[in-house]
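Got some structures for you, see below.
What follows is subunit A paired twice: with subunit B in the first complex and subunit C in the second.
Showing the complex of A and B:
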């Protein structure tokens, strides 16, 4: 109890220094948490992907399309339970800064394949009925103030023109990690328009989403699909949804590695700063430590005092950093929703933050603890005055 | 009655509490070895007030540190109550100091973040005493140094003389047989110095403590039973001059 009291009082002996050090640790832990969350979000699509969904696309590139006629042929491959079509639409709402992912999908099969998008029955029926109908995620609708029945116009980039939709449903995510910032509309609406305006681009699918009856069969089904279309004009490449998402992440992996390194560098920097502060503190208090040892306190008693002070400062800074992470993440989620629709702090990130703060406390105390506990008493006593 | 070494005591002579036998000490500065004390031999009687005097660098503080078990000898031995403290380990010395020696420093060496009460309580934390018993003991010594009304004050809220009284109380609180004081009046004005010296005198006369005090000040040494002078690490008056 005495050592705790002494550590706490020593920690705030120089209030400005203590506040600055604690602030430094708090900011570092906050930055560390946010950067780690950012890295985690990058892989969110991979983590939330289903093991019973396959993605089939052109074997040449994602920008090449596949004939819609493949749909029925895929449906008849053993192990396939459902097939849906999907095209990246790339429409802009009012201006480019309002970016959100928007897709033309085959509604009935799409909603069957993506049970994580929860939509009320009445809204679902209304969406299925209306060719111009669209469904938006809750966050997207809230951001733009959309209500059911609102008319939404997207300006096409890949498919030129102004595209007129009626919001028929707003979906919620089944999990906290489900993206609620997407926009879906009828693939038929897109296709019928293309038939009229640009017939050569009609009846083409960006990718097929395929349901399989069990995860174990996924590789086998993927091979069967690709074998079916081998040596055709549009060969396919089928893979699990996870592998498909990973291929996107892999494109930016270097950036993610850089962010990870930066997050560790932040911790190393604050470790050095805190160690310097603690070393300075220990240097100033050498005479006190020498006095304690002269009075009969052992090196371990002195070490506990110094270690306790260092750990307290780091953990207090860490706790503030952790507490600040939540409102900051909420703010980022609100402000950067077009880039990071879900910016939530995972429990693992919190554990990492606490571990990082503890590490800062422990490492920054090593030198001062060594110095304080090995001080020669008579030399230490001479430091006073 | 016999001394620690077994020699018979003369009538009225008190047994030796401290005995230094051919003590030498040197410090190393880089590759250079600087002798500080050379072949020091003398004894201190139980209940004696001894003043160690000498110019700066004469080795008197080093000698005091050796007697207090703060530093260790290079050669020779120091017997305190018959125990050769030069044979103790660092940890053993720490335990021995906390039980047998009270320390008083020139600059008081109080812990600034602890109150007068808490500073005095410090050495008792190393004992098995209960909180209640510690409190009683601290209050007793606080009243002895007339600082009962200042127990909750921090060192920065006390004058130099009051801080030194707190330091004396801290030195006394474990009731050690020996009190060592390194220039206890060196940082005080004359009035405070007189007050501190009278406290030291009381410690000897009323409580029978053995006080060993390093001082530059002849006035401070006036109260001592005996003055030992050092110069360049050598005893000038090995015959142990009486005041």
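Showing the complex of A and C:
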């Protein structure tokens, strides 16, 4: 108890220095937590994917399409419960800055396969009935102020022209992590228009979303699908939704690795700052440490007070950093909603933050502890600080 | 009379450990600052060097990249008949109708798939892209299923090396040569005969038409003529502009990320500098009093301490820039969102970045040292001399 009190008192003997160091640690721990969360968000699509959904696409790459006739043949493969079609539409709303994912889907099967998109029955009915109807996520609709019944025009990049939609429904996510910024409309609408304008591009599907009856069967069904279309003009590549999302993430992995490394750099920076504070403190108090030793305290007692002081400063800063993480995350979620659907701090991140703060405290105490415990009494007392 | 400059410098040398720790904190921040700027610079340099100022790219209106674009054969022929195109050998216009598609290829080692650009090229394509040079093997024969791979594809992707085979679009393709296109985006591409590729991919339309202008200043009038032609649904861009647009979002992302990271990180380093400088002042109260008694005025004291903080920043800046300079040997490959394809680029250090980084480190030094310096300058002589 005595050593604890001594450590705490010592920590605030230079109030300005202590406050500065604590602020530094808090900022670093906050930045560390936010960066780790950012990296985690990259993998959000992977986490929220269902294990009973498969994605089938052209084996060449995503820019190649599959004939719509595959749908019936996939449906007859044992283990398949539902098949839906999806085309990445790549439309632009007013300006490129307003990017959001938009897809042409077969609506009935799509909504059945994605139960996490919750939409009211009345809205669902009117969406299914209207071939020009579209459904937008709650966040997307809120951002642009869309209401049910509004006309929305998207400019096509892959499919030329201006496309006219009527908003028939607004979906909510079943979980907090569900993406509420997507936009869906009838695949038939796209297809009928293409039949008139560019017939060679009609009846083509970007990818099939396939429901299987149990997760264990997923690899088997995926193999069966690919075997069905082997050596055809359009060979397929089927994988679980998770693997599909992961392959996207892997393509930009280099940047994520860089951010991860940088998140450790901030910890090293603050370690250096805290170590500096402690080294200065130890140098100024050499005479005191010698006095303590002369009074009969063992070297371990002196070491423990120095160690305690260092750990206390780091943990206090760390605690403030952790507490600041939550309001900052909420703020970022509002500000960055167009890039990241959610900005959620996971418990693991908090543990990492606490561990990092502890590490800062321990490492920065190494040198002063060594100095304080090895000080020669007569030399220390002679020194004028 | 000012306090001698070496007074400030020598003070840093006396407290070696503290100076080293504070400067290394700043060095890390400068390192991150310089690294992110170098990355954005390298990306932009790669994509800008990919384009040539006299070349024009014609793609379908509204499509942002060659991959999304489609140019009908008839439209391509209309472009070919423009009078503005340079005549090449045999009196043919220096124009190439190209096909650009993406294929999924596994990387060497990790086997992770990535999107790679396959470009179907014509004879004029090589003349139009003077950066592309054959490094190993030979050129593919037109009309055969032979392909030639860019240097960074050959190194990083399975089946991309010379003599190896790639299977896509139900055919086996043999890599007969490796080309070197310097630090341009073409190094991350595979080239083959355009007609063969269109056949195999069953794509009846070209992706883009590229040609060299006789007179680059006439670009605007040519563009107007082309885009107002009722038979056309295309847009024309200067090649340099086209590739700049391709890199814009990513470079912006890297810059914003780098800037926000370094601003947050520099808070830590500035705090470190402030602690150090406050301690420097506190330890030298008597010394400051003596200097004042000797006749140095407040301004000289202020100047001496600010100089010390600036030196501290400068040491940190140089210590951060040196390791950052070595990053130039590192190549990063990642997907460019705008073209959806894999692109390799390296960190690139420009004189502008050196200046920016050093300025940044000086700003960090001075923002940490300003308050402590004022405290030193405001001390009164008698009080300072009496304190022990």
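Operating definition for what follows: the second predicted complex is superposed on the first by the 383 of 385 C-alpha atoms of A that agree within 3 Å, B and C clash if a C-alpha of one lies under 4 Å from a C-alpha of the other, contacts with A are read in each partner's own complex, and residues count from 1 in each chain.
The rule is simple: contacts are C-beta pairs under 8 Å (C-beta built on N, C-alpha and C of every residue); 3 or more make two chains touch, one makes a residue touch a chain.
Note that the structure is a prediction, hence the values are computed from the model and not measured.
*Asks:* What does the overlay on subunit A give for subunit B and subunit C, a clash or a fit?
*Replies:* Result for subunit B and subunit C: fit.
*Asks:* Just checking: does A:101 make contact with subunit B only, subunit C only, both, or neither of them? Give me first, second, both or neither.
*Replies:* In the superposed model, A:101 contacts neither subunit B nor subunit C.
*Asks:* Between subunit B (first) and subunit C (second), which does A:67 come into contact with in this model arrangement: first, second, both, or neither?
*Replies:* A:67: touches no partner chain.
*Asks:* Here's one for you: vertex at subunit A, rays to subunit B and subunit C, all C-alpha centres; what's the angle to the nearest 10 degrees?
*Replies:* The vertex angle at subunit A equals 90 degrees.
*Asks:* What's your read, subunit B or subunit C touching more residues of subunit A?
*Replies:* Of the two chains, more subunit A residues are contacted by C.
*Asks:* Given the touch rule stated above, what does A:20 touch, subunit B (first), subunit C (second), both, or neither?
*Replies:* After superposing on A, A:20 lies in contact with subunit C but is clear of subunit B.
*Asks:* Going by the contact rule set out at the top, does A:219 touch subunit B (first), subunit C (second), both, or neither?
*Replies:* In the superposition, A:219 touches no partner, neither subunit B nor subunit C.
*Asks:* If you stack the two complexes on chain A, which partner ends up touching A:295: first (subunit B), second (subunit C), both, or neither?
*Replies:* first
*Asks:* Applying the touch criterion given at the start, work out whether A:28 contacts subunit B, subunit C, both or neither, answering first, second, both or neither.
*Replies:* second
*Asks:* Once the two structures sit on chain A together, report how near the CA atoms of subunit B get to those of subunit C, whole Å.
*Replies:* 11
*Asks:* Which subunit A residues qualify as touching subunit C in the complex?
*Replies:* 16-17, 20-21, 23-24, 27-28, 31, 35, 59-64, 90, 96, 155-158, 160-161, 200, 231, 233, 235, 237, 247, 250-255, 258-259, 262, 265-266, 268-270, 272-273, 275-277, 279-280, 284, 367
*Asks:* In the complex, go through subunit C and note every residue touching subunit A.
*Replies:* 17-18, 21-22, 24-25, 28-29, 31-32, 39, 60-64, 67-68, 101-104, 112-115, 168-170, 201-202, 204, 233, 257, 261, 264-265, 267-269, 271-272, 274-276, 278-279, 283, 332-335, 337, 340, 342
*Asks:* Under the definition above, what is the set of subunit A residues touching subunit B in their complex?
*Replies:* Interface residues on the subunit A side: 2, 6, 9-10, 13, 287-288, 291-299, 376-378, 381, 384-385.
*Asks:* Please output the residues of subunit B touching subunit A within their complex, sorted ascending.
*Replies:* So the residues of subunit B touching subunit A come out as 61-62, 65, 68, 70-71, 90-91, 94-95, 97-99, 103, 105-107, 109, 111-114, 122-123, 125-126, 170, 187.
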